[in-house]
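So, here's a batch of structures to check.
Here come two complexes built around chain A, the first alongside chain B, the second alongside chain C.
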Partner chain A sequence: MRAMSTKLKVWWAVITVLVLVYALLPVLSIIATSFKLPSQLNLGTFWPKTWTTTNYEQILTGSAKDLFLPALRNSIGISLISTAIAVVLATLAAYAIARLDFRGKRLVLTTALGVSIFPVISIVTPLFNLWRNIGLYDTWLGLIIPYLSLTLPISIWTLAAFFRQIPWELEQAAQVDGATPWQAFRKAIVPLAAPGVFTTALIAFFIAWNDFVYGISLTSTSAARPVPAALAFFTGASQFEEPTGAISAAAVVVTIPVVILVLLFQRQIVSGLTQGAVKG
Partner chain B sequence: MSTEVQTRTQRTSGRPPKVVRSDRARAEGRLGWMLAGPAFVVMLAVTLYPILQAMYDSLYSYRLTAPADRKFVGLNNYGVVLTDQVFWDAMGVTTFIMIVSVVVELVLGFALALVMHRAIKSLRGLLRTAILVPYGIITVVSAFAWFYAFDINSGFINHWFAWIPGVENLNWFAHQGTSLFVIIASEVWKTTPFISLLLLAGLAQVPTELEEAAEVDGATWWQRFTRVLIPNMKAAIMVAVLFRALDAFRIFDNVFIMTNGANGTRVLSLLAYNTSISRLEIGLGSAISVLLFLCVILICFIAIKLFKVDLASARGSS
Partner chain C sequence: MAAITLKDIVKRYGDGYLAVKGVSLDIADGEFVILVGPSGCGKSTLLRMIVGLEDITDGDLSIGGTRVNDKAPRDRHLAMVFQNYALYPHLTVFENIAFPLRLQKGAFTEEQIREKVEFAAKTLELQDHLQRKPANLSGGQRQRVAMGRAIVREAQAFLFDEPLSNLDAKLRGQMRTEIARMQRRLGTTTVYVTHDQTEAMTLGDRVAVLRKGELQQVASPRGLYEHPVNLFVAGFIGSPPMNFLPGEVDGDVLRLPVVDVPLTDLLKARLGTRKLVIVGLRPEHFEDADLSEPTKEAVTLTVPVDVTEWLGSDLYAYVPFETNPDVAGKLEELDRDLDGEGMRTQLVVALDSESKVRDGDEAKLWFDPNKMMVFDPESGENLTYDQEAVREIDSQNEQNRKASLERARAREGAKAS
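Take a look at the complex of A and B:
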């Protein structure tokens, strides 16, 4: 029995190491590349021979600053605004779907499903043309609007599923106590639903943050171009230099906050969702 | 809720409960549409309107380089696209990427889901956090990470695997097969966490008694897997497969970053992008966009009619 459990332990250790390598190796490789000297990029080693922050200086204060910093601002601003709009609309819609009995409920859900599988590239061609005509091309609003096609459907589905698990007796109690449906929603349900809304906002934000097709198609300058699109337009410090280091550094800068959010997101799922609903 | 309302009204008033309920139902319907209406309208505005516009534009010969020459050509653009070998090549590559990546993701995702399902509690948290890392990475960043790792100049893969004949000086992005290998690897790496979490949710719904009963009856591990687990998870598997298939069919970011369509890796989305945004041929680009949209509908139709995937119920329960 003892030998068996040791064997099992080794087995699980091997599996864990394999999963960790799978999940982390590509991330580590781009982090390692971001610390390499531009002249040592072609050594073919995994880790840098000489560690340097040159690439970070280049994107934060150096020659690539004007490419990267506006893109970072655009990405954060546009993703946050479209997430906020989507979550507000989706919260209202998901409440109605989870709680109220009305005709067209399935229609709303089916539409959300249809929109979420819609090929983005099919929307881009007409929007490209229209945005150029009405002046939305290369503006924040010109990306916020199409981003709703990414953030809104997933928000509705996630929230509707979450709202179905909420202890609704509290709302009934509030209504029995004389609250209107709207008051019951605001006073009894919103505090319970907040963790789910927050989680949904994170998921929607990731999706907007991840967008590339809209980003390269509907912008042309640093006025609205988000980070993923900007990465594709990076150039080296000189025309003989590959932008590998700068791109890797920029990739790390935009990845670390999201990975931190993923960790917070986990804690949110485990304690926030389950305990938050009970403790209020 | 309605039964409670009903009993309350029966207690407090002599009116037939049916009338009261329909009053309430009407108010509820109004409130429902007041709350869900804005989201519904926005969703239609950002997708239905553009696709209708694309259908309209696809009937015209229309280039932004010569907007004055715009004229109605009927279905001519579709004829041009559908008789062009470039379109069918792109269709072939896209379908190949979709099938290979979904199959690999399903196998790998299942393995990860089983590992997380069986792991002891302290390990499970670590494993779940680890596999959520790829999920949190931007697709473009994943594409660059894989591209630089395999790049003949800056990559470490050729050095690590130099002992395999032919790898040391292999330029991965100079050939169709090897380019597609890296593109699919990046795609699989980034999206397998999603599929494995969906499958994990499915695994959790299989009653443990079923597996235990099979074990008592002397079923092997493989028999328990194929006869008990898989049949009981069919819905979760089908939904995961359909979602990933549709996603993979729209692949764009990885291809754009790694090869930009060189060496026979141009996928349909990239073809549409090149036609409309790079060459400004709105008419032809719209036709490709509409065809791509029809392909997605066709995949959905096949999945729902042939494989009886119930998207709504499965998605809602997960």
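Take a look at the complex of A and C:
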């Protein structure tokens, strides 16, 4: 690539800063709010007048502990399990879609697409009734199943696109070299697909982690309620106090794992997302 | 090492397309056989059926005397080099070569694997690259790694699917000799698919020419060159390709667009009642009359040259001519079959580079009419085909092959002791 002129560099810098401010200002605002005293929430300043960890104490050890900690546990457990199931199922399905020619292949793909564009809100009510009747209401499984309906389609689509880019000859070469179909898959395809599988897993995890509609509709107690839903149940110390500070603190706490995951695996994510663009 | 026998092999794809129409071929133990033909002739499909990556619709395939139609690729014990090499990008060169050995669980100790890989690497001069990843290698090095993976496991046969088509011209020449050397030294049965007639001629003990899924002729390179069985083989083998001219029989002479050739009794008998034939003349059958004296039987012609190409070793002269509309269709069809472009009709003449013929000259040339080939314009059959001569050439070729294998083995033995 040719070197950019100074003028161009300045322009890019300005645009980058604008985008960063636009994207990060709300995050910063929430972080700032989470350190404010409940009584100082309405002062109208951006930064807290007095820095305090009261809100964090409240959600982790104080009055909101019983609301927040089980919700955190639920969120982590449910998201991890639905991600794991989605990735395993999607890997097998996507491999079959990419490699095999079978009847109904297009049907699987279009159904997956259809499911993923279907408005969540329209199935939540029937699901609520059904779940109550068959006893899945307010259980982990009761959330994992709808989460799969969100994560599976996108996982199948991303992984199928990914598998299609792996040259089929590699697998055939492995078979000629003496591998069983399973060995060829495991030793030649899986290592190459790993970045793609990884990216898919992260996307699936975030979808489950961020869900609110299912979380609030299909749960009623801390037995299965995930964090985004639990935040709505936060209350202030008295009815005249807003729980904004506690909610902000909780929001910061649930954002941290996402940020850590992305920072840790950004190389894999980038290579996973750009695999198609650059042929190796 | 084993012989491979194909008997009436048929491939019909799911959509009904008949890709291979009953091919029978005997490949002897240790023989180097080339499958050659223009694109879409079924040569790659045939190779993939041998290795087991395509199902065989009909017919029998046996390797080393056992029928293997229904065996999985891994049970056929063949090694294949793919066109794009199919190296495992996540493994080092060492692990790529060791891959087939590691798959045979418990068959080799770590020490044996190291030894075998290092031997293969030494054979292919890859010692310095063993710890590198395929992405960091040049095309030629990748090609050698793919070959290393094939030779390391002492397979029954080597199969090559257009292995040189991704390399540049210079490297292709080097790798060609490398493959020939390796095959001679190891003496492993080899089937090699290519669309490049130069590779076919230079590498093969025998060459099988395919067209639209049908086997046209199987013979030694020299047999194919000097005695092609039909128009297609004649046009495919040789570079620059053979010239085809319409020939009208008129009493005792055969009228070509550029010259009249007197007919011998033998030729007349072969022509039968045909009035119109296609005459094939190889570019190098022409000589410049200024440089060499025409022989007694020679036909001399004076023709206008419109373009010349001086190549250092040869001089190509192009002579335009008007073709006969009755055979134009047939020749156009042939050109299409050979992946040609249907360009103007011209005669290509390969002269000695000393020749003084230049663009726009009237050149005086001669050729020996006994070297002329005559084809039936309808069936394309070579009317001057001499089965006896082909058999003789092929048996001579077979003797040469055995002798050279013997010599290679003796050399190896001398080196080892």
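The definition used in the following text is that the second predicted complex is superposed on the first by the 254 of 280 C-alpha atoms of A that agree within 3 Å, B and C clash if a C-alpha of one lies under 4 Å from a C-alpha of the other, contacts with A are read in each partner's own complex, and residues count from 1 in each chain.
Just so we're on the same page, a contact is a pair of C-beta atoms (placed from the backbone, for glycine too) under 8 Å apart; a residue touches a chain by one contact, two chains touch by 3 or more.
What you see is a predicted model; the values in this text were computed from it and never measured.
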> What is the contact status of A:F118 with respect to chain B (first) and chain C (second): first, second, both, or neither?
Replying inline: first
> For A:Q172, is the partner it touches chain B (first), chain C (second), both, or none of the two (neither)?
Replying inline: both
> After superposition on the shared chain, which partner residues are touched by A:P191: those of chain B (first), chain C (second), both, or neither?
Replying inline: second
> Is A:Q183 contacted by the first partner chain B, the second partner chain C, both or neither?
Replying inline: second
>> With both structures fitted on chain A, tell me whether chain B or chain C touches more of chain A's residues.
In response: B
>> Output the chain A positions appearing in both contact lists, the one against chain B and the one against chain C.
In response: 101, 172
>> Looking at the complex, which residues from chain C come into contact with chain A?
In response: 14, 51-53, 72-74, 77-80, 82-84, 86, 88-90, 99-100, 103-104, 135, 149, 153
>> Taking the touch rule as given, give the residues of chain A at its contact with chain C in the complex, in rising order.
In response: 101, 167, 169-170, 172-180, 183, 187-188, 191-192, 280
> Of all residues in chain A, which touch chain B in the complex?
Replying inline: 12, 15-16, 19-20, 22-24, 26-27, 29-30, 33, 41-42, 44-46, 89-90, 92-93, 95-97, 100-115, 117-130, 132, 145-146, 148-149, 152-153, 156-157, 160-161, 164, 168, 172, 181-182, 206, 209-210, 212-213, 216-217, 227-228, 231-232, 242, 244, 247-248, 251, 254-255, 258-259, 261-263, 265-266
>> Quick check: in the complex, which residue numbers of chain B touch chain A?
In response: 1-2, 4, 25, 28-29, 31-33, 35-36, 38-40, 42-44, 46-47, 50-51, 53-54, 57, 64, 112, 115, 119-120, 123, 125-142, 144-146, 148-149, 153-156, 158-160, 186, 189, 193, 243, 246, 249-250, 252-253, 256-257, 268-269, 272-273, 276-277, 282, 285-286, 289-290, 292-293, 296, 300, 311-312, 315-318
